[in-house]
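The same subunit A turns up in both complexes below, where it pairs with subunit B and then with subunit C.
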Partner chain A sequence: MTTWQRGREARDARIQAGARLAKGKVVDARDATRLMEAVVRPGDRVCLEGDNQKQADLLCAALLAVDPAKVRDLHMVQSGVVLPEHLDLFDRGVAKKLDYAYSGPQSARIAKMLFGGKIELGAVHTYLELFARYFIDLTPNVALIAAVSADRDGNLYTGPNTEDTPTVVEATAFKNGVVIAQVNEIVDKVPRVDIPGDRVHFVVEADKPFFVEPLFTRDPAAITESQILTGMLAIKGIYAPYGVRRLNHGIGFNTAAIELLLPTYGEKLGLRGKVASHFALNPHPALIPAIESGWVEQIHCFGSEVGMDEYIRARSDVFFTGSDGSLRSNRAFCQTAGLYACDMFIGSTLQIDIQGNSSTVTTSRIAGFGGAPNMGSDARGRRHPSEPWLQAGREADPEGSTLLRRGRKLVVQIGETFGEKNVPLFVERLDALELAERLNLELAPVMIYGDDVTHIVTEEGIANLLLCRDAREREQAIRGVAGYTDVGRGRDAKMVQDLRERGAIRRPEDIGINPLDADRSMLAARSIKDLVHWSGGLYAPPSRFRNW
Partner chain B sequence: MEDLNFRHATRQRAAGTRKLAVIGVVASGNLEVLAERVLPDSECLVEIRTAAAGFGEVWDAVIADFVKGYSPGGLRFSINDGGARPDTVSLRLAQAARLMEEDDQ
Partner chain C sequence: MSASHTQRTTSSVELDRTASWYESSARTRVRLLLDPGSVVEFIGPEKREVSPHLKLFDLPEQFDDGIVVGLGRLDGSPVFVAAQEGNFMGGAFGEVHGAKLTGLLRAARDIGSVPVLILFDTGGVRLQEANAGELAIAEIMRAVIEARTAGVKVIGLIGGRAGCYGGGGLIAGCCSALAVSEQGRISVSGPEVIETNRGVEEFDSRDRALVWRTMGGKHRRLLGGAEVFVDDTVQDFREAALELLSSIRAFGIDTLKAEQSRLEDRLQRFGACPDAVDIWTAEGIPDAVSIPALPADQFIALADKVRRSSRDAR
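== the complex of A and B ==
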């Protein structure tokens, strides 16, 4: 007779094995490794919650300590490879295969381990792409997640950093998987239920709160005049003419400069209410002055940011908050919002080639993609019109039929022509290609494909790629804003001049900006302390950003 | 350390009467520019002392564009460079040229 319940029976057996260590659902932290050995089977697909920010660090340590004779060859399917222990799992043979999205702080070591054959790589994904695969062919057998608190029934309160948790739990709990949560404390009643208890099988109380990285705090004191100039160019040359109200900002210093220029320079240009009012964005501290000045109507967040909790709680007109008053974030929904409901993505990158392809991969570092490719791509499934989207579509295809012409998402790369240590932003060939060849990858890790990029902003000006009609024009438009890099000095001066006359390249003076006006006095806040003042004392920056 | 000198003929003399100006700081990724009105009106000299060797070609291009854009005739610029990026160099030179356009008090 055919059985159709094997998955459920297997899950019940795992839970039964784990239940021997539990009181109800609660397992003592000292038994966490034994719990792993009871529940996890060799070859399992495991999602060890490593998000962009919060980390299930206790469960990670517990998994690392298992006897590899009992638990081995795991296939890790997690969005963030962030902690050193995430990679130690592969060194110990507990894990074997990896599918992931982002590896920021571990980017150098992960590259080394891939070259050394320590990790069998599935693929490097974007967040949405990996989440999608959780429901099709990468469904976890076991999810190890992190929350702020739990009650004895397993109801979880994730706090402001909800991030990936609902998505991971949905895929695991409803497809015969086991969900284990580490929590900072067990309480009688959680402040709000972010994850219902019937989706959670075991709860471990950690002796210290889960680790959260303040990834989105940019100190205004470190913003340079060139970054201010690029910000002024973007505001006057792109935000204003397209009337971009719905957008996502990257996390670099150029976009932090823009956030701090809105209440000063943007105000002077009369743009309040006309641009930058609706965001898919983490709660960037640099956005506080714009919020306080009445620029921002609404922000949906991927995650939270360390120190922003009380400020967010007091500004629920702007942020999404729960019945308890604190932020509710959700990475999958916010990524979807960035993909479908925003008219612009603007962010920085490490390398741009002469076709406009960009990558944050260099030969010795594989940082992964995170969310930028979702935000920084044209959503082919989009159907609702908006003025910026339609205008970009018109520029790309002026002869097309009005009623049949697709609009275009504005995808803007912004940066100075030279980065840290005088490394050029523009290259003839991406390092990602060399890496793909060395690792025998079928696809080079490109962050944003050139055909999705609409504008490139540097201190030298704005290249509008929508107005370029062929590959040669695109190349010269890119060279024409590439400054004194080899790519920039390799320009065809005559073609660049022609492109400038057509508006496909615009210099600061072409839009009435004097580079000498790009001064730090234009920033609404010039230090972290200024941001605290703007917030009325509600923003509590982490100690590493305090110098007073 | 590397020393570089670039001498250019200029279209016209730098406006203003100011004799001397200093801008910027010697720090990593930054530079200090001293501008002095000490040359004939049709000449401009840029003397560079830089911590980052091997960027002569880029300096050449940056200085040539600066002289073309501002025609700072009569000015000598002495640069003490801490490995600044070209965009910062262009900005500091432009700032120095603007200061020299002021009238001497």
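== the complex of A and C ==
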């Protein structure tokens, strides 16, 4: 007779094995490694919660300490490979295969281990793409997650940094998987239930809070005048003419400059209420002055940011908060919001080629994508109109039939022609291609494809690729804002002049901006301390950002 | 010139003097600090006295080698001024940079009656011209002491991006008096140097709150390393300079003896304290942990209550 309950039976057997170490659902931290050996089987797909901010670090250490004779060859399916221990798992042979989205600080080591054959790579995903695969062909057998607190029934409070947890638990718990949570404390009653207890099988109390990285804090003191100039160009040359109200910002200094220019420069241009009012965005401290000046109506967050908790709690008109008053973030929903409900993505990158493809991969670093490709791509499934989207569509296809013409999401790449350490932003060929050849990948890790990019902003001006009619024009528009880089010096002066006359390239003076006006005194806050003042003392920056 | 025109000029200067010292360039600091239009620069950028070393390393030069020296007036009285540009190679001392300051101090020594203001903004010696830079530090320290012996007051103003580190910290220690803002940091070895040599357990250079409470302006004021604490505006630095010029006593062997005993006393009282907060607590400051967050005016009031630094020493 056919059995249709094998998955459930296997799950029950795992839970039974683990239950021998537990009191109810609670397992002592000292038994965490034995719990792993009881529950995890060789070859399992395991989601070890490594988001881009919070880390299930205790469970990670417990998994790393297993006897590889009992637990080995795991297939890790996790969004963030962030801690050194995440890669130590592969060095020890506990894990073998990897599907992930973001590797930030481990980008150099992950590249080395791929070259050394220590890791069998599935694919580098975007967040939303990896989450989608959790429900189709990468469903975890075991999820190791992190929460702020749990009660004895396993109800979890994930707090402001909810991030990926609901998605991971949904995919695991409802498809015969086992969910193990590490929590900072076990309490009688959780402040709010983010994850219902019947989806959680084991709870381990950690001796110290899970690690959270302050990833979205940009010190205004480090913003340069050329970044301010690019910010002014973006506000006056893109935000204003398209009337962009719904948007996502990247995490670089150029967009931090924009956030700090809204209440000063943006105010002078009379743009308050007309642009930048609805965000899919982490709670960037640099946005505090704009929020306090009445620019921002609503922000939905992927995660939280260290030090912002009290400020968010006091500004629930702007942020999404739970019954307990603290932020509720959700990466999957926010990525979806960024993909479908925003009219613009603006962010920086490390390399842009002459087709407009961009990548943060270099030959020795594979940083992954995170969410940028979801934010920075035209959503082909979008059906609701909005003025910025329709206007971009008109510019791209002026002859098309009005009622059948798709709009376009504004996808803006912003940066200086020479980036950190004077490395040119523009290249003839992305390093990502060389990497793909050396690793025999079927697909080069491109963060944002050229055909999705609509504008490129540098201190030289704005290239509007929507107004370019063929590949040659696009290439010259890009060269035209590439300044004194080799790519820029390879321009065809006549074509660049023609493109400028058509508005496909606009210099600062073409939109009434004097580069000499780009001065730090224009920033609404010039230091972290200024941000604290703006917040009325509610923002509590972590120690490493304080110069007092 | 009509009276109304004079008035307008004055008020616009006052407005400009609300500018942040930290954010201003060396030239802006000099221009706003001294009486309007009074500054005459020596060996200015038009002379193009650039570093003879940087081009060997294919590094950009600056026509003033990162320091402005000159003569101006402060509230009507003549002063020599030197201002380091922290945005050029971290304000570091190179051969030409150092020689300009040495020359200024020697001129002050020879004239004997015109004080010197040094607007420090430096990470120390420029590594690319190490020997010349180290020699420059030694020459400047000697020149400071010679000038002071000749009766010249030498005042350091510290509140720039690069702080006052390395040889800059040594020169500052030779000055008649120092004024510092919260952003200003004074030390010899920088945070990264300490961490590299002694380990992250000894000093975590990425913990900026630790860096500031160990080397920052507030701690230097409470420890007696700086005579005056000021808010981060040009006006506040100007007032501090005027205050110090009017209160500095004559310099001699007795000053140095008093300074020696001040430092011995400090070492004895606080030598065992592992953190600045412990020092402030030992000084009898209630709620010492709140010091870093105090606004400037409240901190100045508190610091004045805790102790006036000894004007006999230095």
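As a convention for this text, the second predicted complex is superposed on the first by the 548 of 548 C-alpha atoms of A that agree within 3 Å, B and C clash if a C-alpha of one lies under 4 Å from a C-alpha of the other, contacts with A are read in each partner's own complex, and residues count from 1 in each chain.
By definition in this document, a contact is a pair of C-beta atoms (placed from the backbone, for glycine too) under 8 Å apart; a residue touches a chain by one contact, two chains touch by 3 or more.
Model, not experiment: these values are computed from the prediction.
Overlay on subunit A: subunit B and subunit C clash in the combined arrangement.
Ranked by how many residues of subunit A each touches, subunit B and subunit C are led by B. Of the two partner chains, neither subunit B nor subunit C is touched by A:K175.
Once chain A of one complex is fitted onto chain A of the other, the partner contacts of A:R382 are absent, as it touches neither subunit B nor subunit C. When the shared chain is aligned, no partner comes close enough to touch A:R507: not subunit B, not subunit C.
Contacts of A:P515 after superposition: subunit B is touched, whereas subunit C is not reached. Of the two partner chains placed by the overlay, only subunit B lies in contact with A:E225; subunit C stays clear of it. After overlaying the two complexes on the shared chain, residue contacts for A:N547 are found with subunit C alone; subunit B is out of touch.
In the superposed pair of complexes, A:R526 makes contact with subunit C only, with no contact to subunit B. Within subunit A, no residue touches subunit B in one complex and subunit C in the other.
Within the complex formed with subunit C, the residues of subunit A that make contact are 520-521, 526, 543-548. Partner subunit A is touched in their complex by these residues of subunit C: 19-20, 23, 182-183, 206-212, 216, 218, 292-293. Those residues of subunit B lying in contact with subunit A across their complex are 52, 55, 57-58, 61-62, 83, 85-88, 91, 94-95, 98. Within the complex formed with subunit B, the subunit A residues making contact are 224-226, 416-418, 422, 459-460, 483-484, 489, 515-516, 518.
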